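I'd like to ask you about the structure that follows.
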Amino acid sequence: MVRNVCVLGATGMVGQRFIQLLSQIPDFNIVDIAASSKSAGKRYEDAVNWHQTTPIPDEIRDMKIVNTDPDEVSDDVDFVFASLPAGLAEPVEAAFAEKFIVASNASVNRMKENIPLVIPEVNPEHLEMMETQKDVNGWEGCIVTNPNCSTIALTLTLKPLFDKYTFKRVSVTTMQAVSGAGYNGVPSMGILDNIIPYIGGEEEKMQSETLHLLGKVNGGLVDKANFPLSASCNRVGVVDGHTESVSIEFEEDDVTVEDIKSAMSGFVGLPQKEKLSFAPEKPVIVRDEEDRPQPRMDRDSGHGMSVTVGRVREDVFENSFKYTLVGHNTIRGAAGASILNAQLISKLYL
Amino acid sequence: MVRNVCVLGATGMVGQRFIQLLSQIPDFNIVDIAASSKSAGKRYEDAVNWHQTTPIPDEIRDMKIVNTDPDEVSDDVDFVFASLPAGLAEPVEAAFAEKFIVASNASVNRMKENIPLVIPEVNPEHLEMMETQKDVNGWEGCIVTNPNCSTIALTLTLKPLFDKYTFKRVSVTTMQAVSGAGYNGVPSMGILDNIIPYIGGEEEKMQSETLHLLGKVNGGLVDKANFPLSASCNRVGVVDGHTESVSIEFEEDDVTVEDIKSAMSGFVGLPQKEKLSFAPEKPVIVRDEEDRPQPRMDRDSGHGMSVTVGRVREDVFENSFKYTLVGHNTIRGAAGASILNAQLISKLYL
Amino acid sequence: MVRNVCVLGATGMVGQRFIQLLSQIPDFNIVDIAASSKSAGKRYEDAVNWHQTTPIPDEIRDMKIVNTDPDEVSDDVDFVFASLPAGLAEPVEAAFAEKFIVASNASVNRMKENIPLVIPEVNPEHLEMMETQKDVNGWEGCIVTNPNCSTIALTLTLKPLFDKYTFKRVSVTTMQAVSGAGYNGVPSMGILDNIIPYIGGEEEKMQSETLHLLGKVNGGLVDKANFPLSASCNRVGVVDGHTESVSIEFEEDDVTVEDIKSAMSGFVGLPQKEKLSFAPEKPVIVRDEEDRPQPRMDRDSGHGMSVTVGRVREDVFENSFKYTLVGHNTIRGAAGASILNAQLISKLYL
Amino acid sequence: MVRNVCVLGATGMVGQRFIQLLSQIPDFNIVDIAASSKSAGKRYEDAVNWHQTTPIPDEIRDMKIVNTDPDEVSDDVDFVFASLPAGLAEPVEAAFAEKFIVASNASVNRMKENIPLVIPEVNPEHLEMMETQKDVNGWEGCIVTNPNCSTIALTLTLKPLFDKYTFKRVSVTTMQAVSGAGYNGVPSMGILDNIIPYIGGEEEKMQSETLHLLGKVNGGLVDKANFPLSASCNRVGVVDGHTESVSIEFEEDDVTVEDIKSAMSGFVGLPQKEKLSFAPEKPVIVRDEEDRPQPRMDRDSGHGMSVTVGRVREDVFENSFKYTLVGHNTIRGAAGASILNAQLISKLYL
């Protein structure tokens, strides 16, 4: 069934990705695009500084931008895809949620009571919080959020292991692409022939969101998974695709490299079972080459929706294993994450 | 006292660094340069494809290259600086050691009986093995080796902590510069907009050499330090300067961030005490900015001989701390390491 | 009609592109892949170091590589796509031309008597030399060549102007991607934070091949176009996509910026008229933004087969104009060029 | 003789370079540093986001920043080094010129009546306008400007040829480093794996300033040199060092490659004759390797104050020659240019 959708923050980097991706999906129909008052009233092409490598979709080029105001958006909209600046996200998303289902990329609402933070292959059952959220607030709509880009890629690879084994501890060191910071986020003077070993708030987000995603809904709250997770985050001179070096220590003493590879490789979630069109065939692709995954080579796997894992090997610590993953940070890690959430809701809840 | 020196593999990348650095040190006098038979007999300038950003030193430009043969080298040479291809290093270094002290960068001899593997600030007492080596082999000279580039930077930061505390485990994830692989080592197609999450043999070297360096000489062998150390090595698009993200778990439960910073910051070794001219004032520089160290900004600290540490912070695990370090891989991590070894030997053993 | 094809040099960079592109074109059927004796006899997947961002096509993965020998190739092959090292190309292409039509990327045969050097949109009539070539050599097949990568992009933009106006002189300065030199061609040490202002033989190729392409067949030879053309070639840190800064002085004194833009923008050639499936809708796309074209943004236009032009503006010299172009060097500039040649021959000559 | 100096815009990128360079020159003594009211009153170290690879000079670290107001600056200042935002430069420099000699990097005052635009090796005689400027305005001080970064490098190489030959036309295509745009000027998303073929205003500046510099003072104005000069400017992913591909057509028909190389190589100007400490021994260094100059290898020649030329060769046009140059854009092209102007004035006019 075709759903009418609206994109908020439509001229920003993630907003552009939403438009690029949504225009390729037959079951979503963009009926409204909203941006700041500076852009409102203009044709999309005139307002946007388009940074995607494919052209602006023809049907969007001439579309008139409306204000970021629920009253300016068509009543028959089913989903609002939101990618708003941190300061704005909280009140604006709440205002839209009175009437619409808001699929949000913002961090501010991610771990609030009754608001599901979801990766469809990982914790689709958290979507049950949508109903309580509507009831509690007296809204017709609700807010559904997706995690931070580096968290999504990591958690997709942890989930098939978490279902079978008990984690004693997990460490991850990331090497993150510049696109994760937005178009103007990382000056070239900072990253050419260089690494920036710090991304504000990123380590905290990875450490808390991952445990939340692997947790269980308990009323309107989530009982977080209970293992220590340490994240160290670095920015590197890569355009798209986050690379993460992961180490896991298990409680079990009989896990093998083959167990890990087959658990990841065979992993499918609800989006695959429900045959959602935007779901990749394999959420996690395992490669055997000694020098993969690499961001430029593997970020577009599964149209950017698969995470690629390689170098699965024993670590020197007891019952410990290491691997490297690459995930596309602006597709699986941002716009595509919201879209897959919406597809799942569309199929199962509307 | 001025020492006469010879450089083997003088046209290679590390050989060039030896020449560049040695020509700035008054207490070393380059009297011979040797290379493969293809280059022997030529003027240095005609044989070398010079890749340093400073010009070939004037006194070297016209020097005639000799064969890599001890008989072609002046008898009054005190030190032979060697940077030879893996296959050649073993027999050639042994041949030169019959007459000369060989300061070697090759990995093949690093952990053999009676051969010291030394960072002067870390384990200068391992040099005592030189004597036995001479005796056992009946040589006039001997071989002294320095560790792998990424190991040197890591171990310099571990040493001041290792002296005060007990390590339960150490993990390190590296982001290594392309110069570490030699001029032709990393094709640009492999590293532009990319990361290669694998460096052949590097993880094994870091894991074994670090424990060797922190170990104690016992006869002609070394009793390695006894803690698990896990290394994950990545190649990134940086010209010079290895960045390493480190986590340490201590046995002690009362270590603080300030303890770590002051131990590192106050650390001096024998080269500093002996006021060796090539020794940096501080082997480890600790910075407080949240986004340092960075390879392009910090690799040249202490003329490339200091390692810069930043982001010292608590880790989520018990009694655990994290930090990031940057060290210059071809100065402190290669040519400069051998030179500092030679300076120390020159001062204390000749 | 479906044609059976063979790829020579199938494990190299251009060979991989041939396989990637041909497997997407229904009217070509890869029946044989050949490589050096080192690879012959192996499964393709086992022999190749695959560097494309899409996976090896399933139907090729298990194909057995044959020797680069016409007798090992099926007799029913219609086209042989060749991308061979300079030294091998001349004898090998001649040997295959005894039986097959060879679409060649090598420079050695480009401007020989009776051998057409063709861009299908520019000089398809040069293909008439195929018949004489067969006759003269007594071959059943023949050799057809395509130009150097930087020449193709330039000449596609010159052609629509050359048809209407008289060139007094043309200058071009290129900024070329590293992929043009093959996977190992440009070490990362040479191009990170750097430019190499020299590409061996490239300026000469651009200067001669462009005039040849715009010339007229006269017997088995070509009367070259008659205007001075100066090329300056630089290598820059871009993965794919050559950028070229062009200046043209016309004999005519009434050419306008709009004339140039509309000539380029409206340009179509025989591949477009014949509706060849691999031909881009527009060989030249003209953009109006002040900061386009850019290689990362525009190289994939027309699936890599369109050249993008921007910044068309008056130059300070009399009757002179400048513009910038971007073309994909390994698609339009190499493998795709040979494929489009073959499609045109398939449609009109077989 | 030691001169007291003040730096305006001391926290910006060029301001930082001023401080880094001036602190190494014994004949300049920084007595005041000024910045916006946001920074005024703070210690320099607390106000600046220091982006140089050498540390903040010790004597500057604790210096208190004053407002950008002539009354807050010590009366005994001899030179004010100014690097101000475009909008501010005009009124602020005029205000300071009432009392001080202002050495300015801003473009706004570059070609005004009575204001010298000077490269000391090229047109030191333009400094005679200083006196008239003082008289006309009734100022004690005056404004002296230096050209745009890409213009300085080009003009230094043109000057020795311009003195001997007559130019019929000159063309230049630049490949400019990101540092030329300031720390936040070029987002990494715009330049990684990319080129931006446009720099706002740059082509116009090169075309006008070069002719101005090679012109003759006529009263308070300059009779510009009279030849057509065409510039095409591109931004590339290089940190420091502009590369320029140049073509010159001479009126003379007997110029040779050797003539050009010896004219450039033997070129010295007034700063060399006066033995100014900041003047490079050779303003232009000519190299013979086929693949030089390269920005990473050659930008630091002459401590960043020499321009390196290579690939001098005949062009295909009549009496035409081509070459490539590299110049350090933030040393010779900005801060160092102002400093050398001040050194010359200090020696000859104070």
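We call the chains A, B, C and D, going by the order they appear; numbering starts again at 1 in every chain.
Here is the rule we use: a contact is a pair of C-beta atoms (placed from the backbone, for glycine too) under 8 Å apart; a residue touches a chain by one contact, two chains touch by 3 or more.
What you see is a predicted model, and the numbers here were worked out from it, not measured in a lab.
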Subunit C against subunit B, contact positions shared by both copies (same if over half, else different): same
Reference subunit B; chain at largest CA-centroid distance: C
Chain centre separation (subunit B, subunit C; CA means) in Å: 47
Between subunit D and subunit B, distance of the C-alpha-averaged centres to the nearest whole Å: 40
For subunit A, residues that touch 2 or more chains besides their own: 51, 192-193, 237-239, 296-297
Chain contact graph, described as a line, ring, star, complete graph or other shape: complete
Sites on subunit B touched by subunit A in the complex: 169, 171, 173, 175, 192-198, 207, 228-230, 232, 234, 236-239, 243, 245, 247, 290-297, 310-311, 315-317, 320, 322, 324
Interfacial residue positions of subunit A with respect to subunit D in the complex: 51, 178-179, 183-193, 237-239
Residues of subunit C touching subunit A in the complex: 51, 53, 192-193, 239, 296-297, 300
